[in-house]
Each structure stands twice: as C-alpha cells, then as structure tokens.
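The data blocks that follow each hold one structure.
Next come two complexes built around subunit A: one with subunit B, the other with subunit C.
After this line comes the complex of A and B, so read on.
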C-alpha cells in the first residue's frame, strides 16, 4: 500500500482469487437470476383485461366526436350540422355513458373487480422485481464485504466513498477502488444489453425498470386512464364541437380545379361562384 | 426461395387483398415441402390461415380441411379457428351450421368482431339484406370508427335504393378518410342519383383534384355541369331544388369544356 499523500495514482495489488471468486460469480448469478425472473414473469402474467362492450362504445363515441371536430371541413355544412346536433344532444343526455347515471362518483378502485385483476398483476410484477434485487444485495453485503474488488477507470468525488467503499473505512484510499456492492450496481445497469440479446427486446429482467417502479409505487392509486370520467370528457367535447366554425373545404373547388389544370392562373378570392 | 414466397404472402396479408390464385400458387411449394417451413416461427400459422381462406375461395375444400386440422391441433380453443369452421361450413353449403357457430361465438363474447362480421356476411350472402342492415347498424352503434363497416352499410343501402341513408354512411367514411378520392367519387355519384346536383358537382371536382385525370370523375363533372346548365334554362319555378348553390353559367361552361378536353386526352393517349 503506497501513498500517505493524496496521490492520484495509487496502485494496489489484488489477489487474483478475488477475481475468480467474486467478480465472475456475481455477474453469473445476476444473469441467471434475471433469466429466471423473466421466465417466471411470463408464467405468472395473467391475460390482459378484456374490454367490456359498453367501454368500447364509450371510447368510440368519444373518438367519433373528435374525428368530427377534426375533419369537419370535408363534409357539407348540412351533414356537419346534423351530426353536431345529434352528438351534442347525445353527450348531453349521456346516451353513450357506460352507467347511465350521470353522477360518476369516482369508482372505488378497490372494489371494482376488473381493476383488481389488473392491480394484482401489477403488484405481482413489482414483487418479482424487488425481491430478487433485495436478496442479491443482501447476499453480497453478507458475503462479499470488507474488501475492494475493482478499480473504476474514471475518477469520482469524495462523496461516493461512503457508498462505494462501504466496508472499508480508510480515509486516504482513492475513491476509484470500490467494493463488490458497486460491482453489483454496475452489473445492474450493464446487463440490460446482455438481457436484450438473450431474451429479446421486451424482457422482465430489467433492473432499472424495477427501480423506477419502486419510485412510482406511491402513486399506485392513479392508474393512467382507468376510471376516466367520461361524462366530463363528453361535456368538454360537446363544448369544443359547439364552437367549431364550419368552413367547407370545397367552397372554391371550381377555381382550384381550373387552376390545377391550367385553365386559370390564380384563385380569385372573391369566390364569384 | 421460400423466404421470398413467405415475404410475398406477408405483403398480401398486410394489404388485405383477396388474391386466392396467387396465394395458392405461392404456398404450394411451401406446403408440400414441410421441412422448408420452420415451425418455430409463429408466422406459419398465419400462412395456414391465409391459404385456408384462399383454398375456400378457389373451392379446394380438401386442402382447406387439412389446414384446419393443423390449426386446430395447435390452437385448440381459439375463437379465430372456430370462425374458420364457420367459414368452411358456409362454403360447402351448410349455412345453418355456420350461423349456429357464429351465434354461439357472438353470445359468448359480444365484443367479438370476427363473429359479428361473419354473421352479417352470412345474412348478406343469403340475400337477407334487411336483416343484414339491422345487424350491421347494431355493430356500428358500438364500433363507430370502423370505416369499412360504414362502407359495407352504404353498399347494402344502395342495394335497397335507400340513397339518403347510403349518403349518410359515406359521409361517415369521408370523415374518417378524407383524402381517399374513391370515397368522394361514390359520394358524388350517390348525390347525382339523388338529384343534389350542386353537391355532386363539387364532389366530382374534389375527385378530380385529388386524382389527376380521373376519367370517372371527369365524366361526372361533364354530365352534372351540362345538366345544371340545362336546368338553369328552365323557368325559375320549375327548377329543382338540387341545383341551388351551383356555380355561375360561365364557370359551368369552363368546367364542362375542361372535362371534355381531359376526357379526350385520356382516351386518345396510347396507353392501352
């Protein structure tokens, strides 16, 4: 061990046994656990929830209103007026709503049976992610602590010393020498590429996804798109429909065609029909 | 070689064209030499389904039955395979059996699009246009964004000469596919038949704008503009309401002239 001074180039001699018995095993174990998780997740994933016919109808009615608002200029004014009147009336009356009662009290997520399946699936997936990670981390801490494993090729600030050299309290050792726990983290991020090679694109062995999932676990109640209040959506769509100014795309089409075929040099703004 | 045939078959699937002869010809070597199809890839079942339908179209029932057995072995309880059973029943002339199969599927799961559509097709093939219309309307009540279904409904209405309803359906189609000139063409012709000449003229012009030198479109332009011209010459009282909003006579003349020109050019060009 050299250097009482803060030299930037400490060299230390590591036992090659460390490499054989720690470096490789950690990586191999992580790969195996990843594959195992992936297969287990495939087995455990239930079928995606099948949409109810009333849900479909609701959703499509919304899309219909949106298409009408968007492409209104391609149909004649009378057709547009008809549809606008019909749809606004229908949204007002709630003809497309799933449960006819306009009072859409936020459906209790816990008791809705369909949502239960979805939530259970989600929770199972998260379990599958968290448990192996925790286990491996604990195992590494237990067995492989108290010595340094590798030297990072890039320098880091002093703050990382506590995290990366957790077992070894030496005030002077360069932060670049790190313990096995940090090798675990490096593997966590690095094996994504390996997994996508082995398991194909969409695999469940991704450590990073689990970490982000852990972060959002607190917001589990807000499943995106679940009990969307369709009544509100319909009402807002009705409002936007009623303010659409219908300009028929074909109003000056005669001029456009004549110009297109070279019979006229320009379109006259004063659409002298 | 097999790779090329497979990719061609995939293209035909993608464009959902119906080319039974081509499909059968492409698939023949593949089916005979079982080893050339790698049964690991799941594509092979898509090919089976495709060839099955082509075989039904060409009347090769034995081939179809053999394929069906293969598909049934792999996907024992599949709704998709069940509908193939229904189709083969329709083909050999047992429509009641087919209807039973489809109705069961539909009752079990009333969101099943395949079963619903086959039921409608069955009714149509049996000539029960009224029933088919009713069923298609109920299908469209839920799936309003299926423009092909709207197109089918408009065809059914045309069969029964219910022109305003057909026009309505076509408007729905145009809303969803505004850039497709063929739909504008159908819409224009329906309106011409109904007597909404001003609207028909505009729609024919749209066709001609979207698709240069479209012969059918230009025929429409010429016929409609001449007719409007002729009707304009009648005394005010006798003019039908359909020409309200039509362009001035000068414009009509120019459009008619343009149409004549383009039609002559199209027919005298030495393409065919």
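After this line comes the complex of A and C, so read on.
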C-alpha cells in the first residue's frame, strides 16, 4: 500500500465548528431516527385480520401432515401408522377443505379483502424502512455538501474518490479526505451495534436490512399473488407421507443406556422395533 | 440405528440469548478498542492489525472466562460462532469509532 508513506500525507486541520455542527448532529440524528422508526414500526404493526375458522383448519391440517412427516422419529411405529392412516384418509375425503368441493376456483388474492390488509401492512413496513434513509440522505446532500468533513484513518483506492468527495472539485486531494455523505455511510454501517444495544436484539432500526429488502422487493411481488389450491397440496402431502421412512429414536434405547453405562459392550441389532 | 441426540442438544431461546449477549460484548469492546486506536493515531494497516490483535484477545477471554473453555456448551457451532461470525459487524462498528476518535483528536483544532 504505497499511499501510506508519511511524505505524501496531506495534513490539514479543520474548523471545530464543522465538528460541532455537522459531525455530531449527523450521528445523533441517525440514532434518533433509528429509535423513532423502531417505535413507529411497533405502533404500526396493526391488528392481524380476523381469520376464518375454515381457513385456519385447512392450514393447520396441512401443517399437521408436514409436522408428522418431519418429526416421525419422535413417536413409535404404531402411533405413526395410526396417524398416517387417519390423515391420508382425511385428505382423500376432503374433510379439511374449506369449500368441500374438490375443484376450487382460484380466488383472486388481489381483491380478497382480508389479504389486502396484510399486504398493506407489509408495504407500510417497507416504506418505514426506505423513506427515512432516503430523507436523511437527501437532507445531508442538501445541507452538508461541498466541504470536507473528516479524514479516514485508512486509505482507499482512487475509484472511491468520486463517490466520497462528491461535492469537491480538487483532483489532487487524498482520497482519505471525505465529504459528509461518506460519514453518513460509515454511520449507517457502524450504528447497528449501538441499536442492538439500545433496542434489544430484534430491532427495526437497521438501515442495511432495508437496503437488502429493497433489492428483494422486486422479486417478491411476483410470488405473492398465487392462491393456494389446498386440494392439490393435500394430495401431494398424502403422497409424501406414504413414502416417509419411519424410524423411532427410542427404538433401541435400552441397549444404548446399557452401553453408555458399560454394562453391555455394544448394541445388538434386533428384529423387532 | 440413527443417533439423533444432536437435535436435542440445544434449546433455541437460550442459544439466541447467548448470541445476543456475545454481540453486546463485542459492541462495547469495539467501542473501547476503536477509541484507543483513534487516540493512539493508528492509521491504515496498523489500525486493522490492532483490531485483529484485540479481537483475538477478547475472543480468548470470552472463551476462557465466560465459556469456561467449552464453547460448544453455549453455542451451536462452537469457536466459529464466538470468534468468526461476529467479526464483520464488529469491524464496521470499530471503523466508525476509530474514524470518529481519530478525527476528534488529530484533525480538529
């Protein structure tokens, strides 16, 4: 890193007024806006829509089948066989279906009133994330542009000069002297630790999470519009249940305990489970 | 006979609590270390080496005193969880404090 030699080091001193009126205010504002956003998100997570009991039953029946398939090792073989038989029979007969008719006309999710509120909530949350970041960036660009704020203790490549010294037209100044926008970015990345200290583990004041959410927002919009045909889901679950290989965790437990306490030298495979 | 005892070993809420406590430790110490680096006037690679040395010391202390030498009791993937994963986050915090303190001491009149 040849830029570290002291002979090419440009030393300047900055007016302490800049420190008082720019450096600290930007940090303090970002912390306060983060806390504000967190509290506002808590207030704004509205009541979830009151669900229909048949809807819930449908969903829970599906989850029950999936749980059975995943956790089959917790129950002995006979219990598993009983549950599997009951659930497969129920899926065949369509006892859990909401509409009781085997062919469900797909409900348009966009006009379904219950889902509207859920989607609005999601969009509100994303707005809460993006808007403050944009506002603060605009505010900094407007008020605090055109002067050097701080010197980075570490060097960067010349390519960053354009981004970090955005308002200043000096071709020779070291990249380490940066404008206030880069102080905004440093704060954005560095204040996550502070937020997790103040607001606890799960906080909505994270700027970076919003940036990644912005990236995935485009791809998510296409998936959300598909209504779920539960009949098909039940049928496919029935198929996967029938091919699950069941193995009870406690099958050889008495032998394992004996081996653990040294009363028996090894586990003998037995025919019966 | 499959031995599924690994699945039952960790109780998820306490693992999360441990991770949060570790992250708090890292945040606070990164503020302290960053202040030291800024005041000492470390620049460039020296600053990052200082960070790594302190990272090693603090991870060693966490492993030795808090985890009593057995990190797998407290965290799911033992040493990686304690010393590897939080490093990036802590580095970002450290850079913030280092820049701030360095500027306050050396750049401003």
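One rule holds for everything that comes next: the second predicted complex is superposed on the first by the 174 of 273 C-alpha atoms of A that agree within 3 Å, B and C clash if a C-alpha of one lies under 4 Å from a C-alpha of the other, contacts with A are read in each partner's own complex, and residues count from 1 in each chain.
Note that in this section contacts are C-beta pairs under 8 Å (C-beta built on N, C-alpha and C of every residue); 3 or more make two chains touch, one makes a residue touch a chain.
Note that the structure is predicted; figures quoted are calculated from it, not measured.
Trainee: Which partner chains sit in contact with A:193 here, subunit B, subunit C, both or neither? Use first/second/both/neither.
Mentor: second
Trainee: Touch test for A:125: subunit B only (first), subunit C only (second), both, or neither?
Mentor: After superposing on A, A:125 lies clear of both subunit B and subunit C.
Trainee: Would you check which partner chain A:14 touches, where first means subunit B only, second means subunit C only, and both and neither mean what they say?
Mentor: second
Trainee: Of the partners subunit B and subunit C, which touch A:246 in the superposed model: first, second, both, neither?
Mentor: Neither partner.
Trainee: Touch check for A:155: first (subunit B), second (subunit C), both, or neither?
Mentor: Touch status of A:155: second partner only.
Trainee: Quick one: classify A:261 as touching subunit B (first), subunit C (second), both or neither.
Mentor: first
Trainee: List the residues of subunit A that touch subunit B in one complex and subunit C in the other.
Mentor: Overlap of subunit B and subunit C footprints on subunit A: residues 256.
Trainee: Within the complex, which stretch of subunit C touches subunit A?
Mentor: Residues in contact with subunit A: 1-2, 4, 16, 20, 23-24, 26-28, 30-31, 37-38, 42-45, 47-48, 89-90, 92-100, 102-104, 106-109.
Trainee: Touching residues of subunit B toward subunit A in the complex: what are they?
Mentor: Residues of subunit B touching subunit A: 109-111, 141-145, 168, 171, 174-176, 178, 199, 202-203, 205-206, 208-209, 212, 245-248, 251, 254-255, 258, 262.
Trainee: Mind listing the subunit A positions that touch subunit C in their complex?
Mentor: Against subunit C, the touching part of subunit A is residues 1, 4, 12-16, 18-19, 23, 27, 73, 150-155, 186-187, 189-194, 196-197, 200-201, 247, 249, 251-252, 256, 267, 269.
Trainee: Along subunit A, where are the residues that touch subunit B in the complex?
Mentor: Touching subunit B from subunit A are residues 50-53, 56-57, 60-61, 63-64, 67-68, 71-72, 74-76, 79, 250, 253-254, 256-258, 260-261, 263-264, 272-273.
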